[in-house]
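After this come two complexes, each holding chain A, first together with chain B and then together with chain C.
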Partner chain A sequence: MKKNLWSFAGKRRNWSIPYILFLGFFVLVPLILIVYYAFTNNSGGFTTENFRKFWMQPEAMHTFIYSVGVALITTIICLLVGYPAAFILSRMDSHKSRIIVLLFILPMWVNFLIRTLATVALFDFLGLPLGEGSLYFGMVYNFLPFMIYPIYNILQKTDRNLIEAAQDLGANPRQVFFKTILPLSYPGISSGIMMVFMPVISTFAIAELLTINNIKLFGTTLQENIYNGMWNYGAALSVIMLLLIGLTSLLNSQGSAKAAEEGGLI
Partner chain B sequence: MQEPEYIIRIEDISKSFGDKPVLSNINLTVRKGEFVTILGPSGCGKSTLLRLIAGFLKVNEGQISIAGKVMTDTPPHLRPVNTVFQKYALFPHLNVFNNIAFGLNLKKMPSAEIKKKVNKVLKMVGMTDYEERDVDSLSGGQQQRVAIARAIVNEPEVLLLDEPLAALDLKMRKDMQMEIKAMHKKLGITFVYVTHDQEEALTLSDTIVVMSEGKIQQIGEPKEIYDEPANAFVADFIGESNIMNGMMIKDSLVEFAGHQFECVDKGFGQNVPVDVVIRPEDIYIFDPSEAAQFTGTVTSSIFKGVHNEMMVLTPEGYEFMIQDYHAFEAGKKVGLRIKPFDIHVMRKERSTNIFDAEIVDKSHIRFLGNSFECENASQFAPGEKVKVAVDFKDVVLQDNEEDGMLSGEVTFILYKGNHYHLTVSTDEGENIFVDTNDVWDDGDRVGITIQPNDIWVSKP
Partner chain C sequence: MLYAPIIVIVVFSFTEAKVLGNWTGFSFKLYASLFQGGVHHSLTSALWNTLIIGLVAALVSMLLGTVAAIGIYNLKTRARNAVQLVNSIPILNPDIITAISLFLLFVSLQISQGYTTVILAHITFCTPYVVLSVYPRLRRMNENLYEAALDLGATPFYALRKVMLPELRPGMISGFILAFTLSIDDFVVTLFTIGNEGLETLSTYIYADARKGGLTPELRPLSAIIFITVLVLLLVINQRAAKKRL
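For the complex of A and B:
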């Protein structure tokens, strides 16, 4: 018996059993439950009413489209601010850049609710109104590092020989950037977009706190429904959001697969 | 305007990284259409020289002209040269066609013309039908061909090749050498080729530039470099050689290995120490007879395919390498003879270590960044700037770096028949030359010690 136990523990494959159990209970089962609730009514009978309700209710639809818009704009701002930052960092000598990378990762170690509450206090102190502006500020502030880091990572690993090869073949500094550096960093960009776009779509705390509940995002709608006991409708909204996130990562899959391979993801 | 005679003219350039000098006072001219090889061991500055010509690095001093124009400060994309990189540097995000078309696309050439030109070079490097392939899916040899095609499609005035075959296996390397030579003939453009492989240099080049320690040692045709090496370094680096310390007694008479030999060299003066180089195939070996100038005993004999390579030890304690079609077994006594014109006599570059130094006190002197005890310093005043001389044989090397007053690394080894002549680079970047009977390897870390009575001090 004792010997059997040893050989059981000795197989490396068996070490994954605790995690597989965890995965089953806390990821797989809840997912199945969400899908089950989304397609049933209060009494447990099969229905597509929940999805039809979303389709018919202009308010929910509007919130959904608005949220996608916020996520898109946040992602674009993060990319426009993050790429140059990552580029400059990657050109610095590694000693300096490592300190700066640490500096912008450091706030990530603080809980984002605390960070967001601090942002509210900051806006109050400066006398700035809370609204759409503060919403975008909060979003970009929270998610910018997730854009910079994968891009920085890939730019830093770019083979200097390739840049020299482009120069050698007659490319001026602008052409070197647009014909080699930028296309070579696509995996990092794609990974950064995923890291920003997907969480922004589902977040609700930032919108709640930074706009004093004036602006509603899809995440808020979802949370309200679940909170008010409308489990079936809430589950349907969750499925819609999951589909959108799934679609994003599918569109990104080729790039992100390469990025993951090269360590583009955090 | 008249066609410039020299396509590349390099005048007095120096380059250092930080305070470490890499190239000093390089002068070099390359004729239009010439195949020039820059040859030297790793770290001799040959790649740096190529990168200066390509424009990736800036010179500290001097001037570079290409195709009749001064281009010292011209950025790489405006120079009429293209480079084949050692690690190919193909763009992984582009396929074979777009890699090759990269330069032409930048010139905004019509796409029909680009297609024509790309197909032509693909045919030239034997890669037709590979246009659509991903560069990552190609073998090393194929990537190298694409890299060459990508450079020559731009029809540069000069093609720079940075050890392009170093990553290929022997058989592939030999094939590619022949192809590169054929390509040079066909294209008629100037090739500047960097390698550490002397055989490659001898096979390919019109002119070889031998470099060592950031300096040009010799420039010449392959045959000239092989037959008349300018110094012991070149002789040792190109082909196999017997290199000995010798003494030029008078014109046409040289003494080495304990015997006097007739030679053809003149004008060295009388009783001048020299280096003597004899190629292993230039020593006649036969059964002992009247014809022998000197004798020896075979210590080893190896069949090398075409010839036999034998080591022969003379009674005076000198060892010669001899290559001959006839084999003499180990243990056999033999007679040896060298013809006068096969003895290459060259001036010694140095006969002793000379350093700048400063007197510390009556019994101490400071040089090479260290204070040494010294018995010969008493007649100089403290603080006085002087020269010190240390004989090659008086520098003691130790296995443990900590045991020495200085530490350093063995960077070059020359066997001189009965002892080794080493170049040791100290951690401060100075070279010390050492004669020793001990066997050391290239790259060995050593401690360096000099005895107080072996340091000779003189006024500068």
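For the complex of A and C:
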């Protein structure tokens, strides 16, 4: 008996079994539970009522569409601000850039809530009203580094020879950028987009605190429902959110695959 | 620009003013009240909880994740890809979804929520990162070292300790740090798994406080302290890294 146990433990691949069980129980089962709850009502019977509720209520749909809009706008702002920032960073010599990267990461280590509250404080201090403006500011403030970092990384790793080759072939700086550097950085851009768009859709804390609960985002609706015991409806909303995220990642990976094909061969 | 909000808070943590924008004189009173008992007992206990939960979760994640990484590395291709896929789910999922899913799990099993559930939840979302952190080191490691140790008569566990772990240690350490950071910073998952017994972590405490009325004056010195601690930490790390390069 003992010999068998020993040889079982000796096979390293069996070491993964505890973790597989763990993953199954704590990751897969809960997800299945969400789907289960989404399709049942209070007494456990099968129903699609939760989803119908979502379609029927104009408020819920409205919040959803609004949140997607906010996420899109935030992502675009982050891109417009982040790409140049990442670009400048990648052009600096390594000593300076390390310090600046550090300065960028530093606020991220401060607790997320404190950062958000700090933004509220800032707006209070400047006497600006909280509302949509502060919402966007808060979102961009929190997620900009997530956009900058992947783009910076990819720009760093770009083979300088490719850029030189383009220049040798007679391209002016503008062409070098748009035809060479930009396409090569698509993977970074798409990571950045994912890392901003997804969280913006799902955070509720920022919206709640920065607008004194005036503006509701989809995440807030989710959280409220679960908090108030409407688990089934909340679960249905989660499924919808998951579908949305799944959709965006699919679109994203298709987009970047295409770009890699076109932009990779120069 | 990134620092404006934080600087405002730090500056105003030194006054007693109720409203930001009124400088009523330099004072340490807010700092003092932070460390005294009374209302802020819940803050110190929240802080304590955060640290304990973070350490326990990070430790367990590190151990579980390392063993898991070794196991996964040795799986056959199809099983390995499947496990890696499931492993990446907690990483890719937005935290609300993870939080709700775990909430439903605990509720369905009628497990009362408290310390245990929070720690379990944290382990769930930290371990994948540890696996991701240790796995690359496995790939770089020379496989034959372990086999050689076995051939020379070592038991699997001895070989593990003396041969593999030293190679994997950097990955384990960075995994531990990552797990710890994720845990103490986490907010949403903790919120959903904390139950009604009054357990609080730093994040939930701040959240509860902020809901009442925005940034209370007491929170300002707290934020300032956290910020300065982080700054010091990062400077120290940077210094050490710079020294190594020399």
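Here, the second predicted complex is superposed on the first by the 233 of 266 C-alpha atoms of A that agree within 3 Å, B and C clash if a C-alpha of one lies under 4 Å from a C-alpha of the other, contacts with A are read in each partner's own complex, and residues count from 1 in each chain.
Following the convention adopted for this analysis, contacts are C-beta pairs under 8 Å (C-beta built on N, C-alpha and C of every residue); 3 or more make two chains touch, one makes a residue touch a chain.
Since this is a predicted model, take the numbers as computed values, not measurements.
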Since both structures carry chain A, what do chain B and chain C do when superposed there: clash or fit?
fit
Please determine whether it is chain B or chain C that touches the greater number of chain A residues.
C
If you stack the two complexes on chain A, which partner ends up touching A:Leu184: first (chain B), second (chain C), both, or neither?
first
Put simply, what angle do chain B and chain C open at chain A, by C-alpha centres, to the nearest 10°?
90
Which holds for A:Ser97: it touches chain B only (first), chain C only (second), both, or neither?
neither
Just to be sure I read the superposition right, which of the two partners does A:Thr158 touch: chain B = first, chain C = second, or both, or neither?
neither
Which holds for A:Thr248: it touches chain B only (first), chain C only (second), both, or neither?
neither
Could you tell me if A:Tyr19 is touching chain B, chain C, both of them or neither one (first, second, both, neither)?
second
How far apart, in whole Å, are the nearest Cα atoms of chain B and chain C in the superposition?
19
Using the superposition described at the top, list the residues of chain A that contact chain B and also contact chain C.
none
Could you please specify the touching residues of chain B with respect to chain A in the complex?
54-56, 75-77, 81-83, 85, 87, 89-93, 102-103, 106-107, 150-151, 154
Chain C partner, complex, touching residues on chain A are 6, 9-20, 22-24, 26-31, 33-34, 37, 98-99, 102-107, 109-115, 117-122, 124-125, 127, 141, 144, 198-199, 201-205, 208-209, 212, 219, 222-223, 226, 231, 234-235, 238, 241-242, 245, 249
Which of the residues in chain A come into contact with chain B in the complex?
159, 161-162, 164-172, 175, 179-180, 183-184, 186
Taking the complex as given, what residues does chain C use to touch chain A?
2-6, 8-9, 12, 19-21, 64-65, 67-68, 70-76, 83, 86-87, 89-90, 92-98, 100-105, 107-108, 120, 123-124, 127, 131, 156, 181, 184-185, 187-188, 192, 202-203, 206-207, 210-211, 214-215, 219-220, 222-223, 226-227, 230-231, 233-234, 238
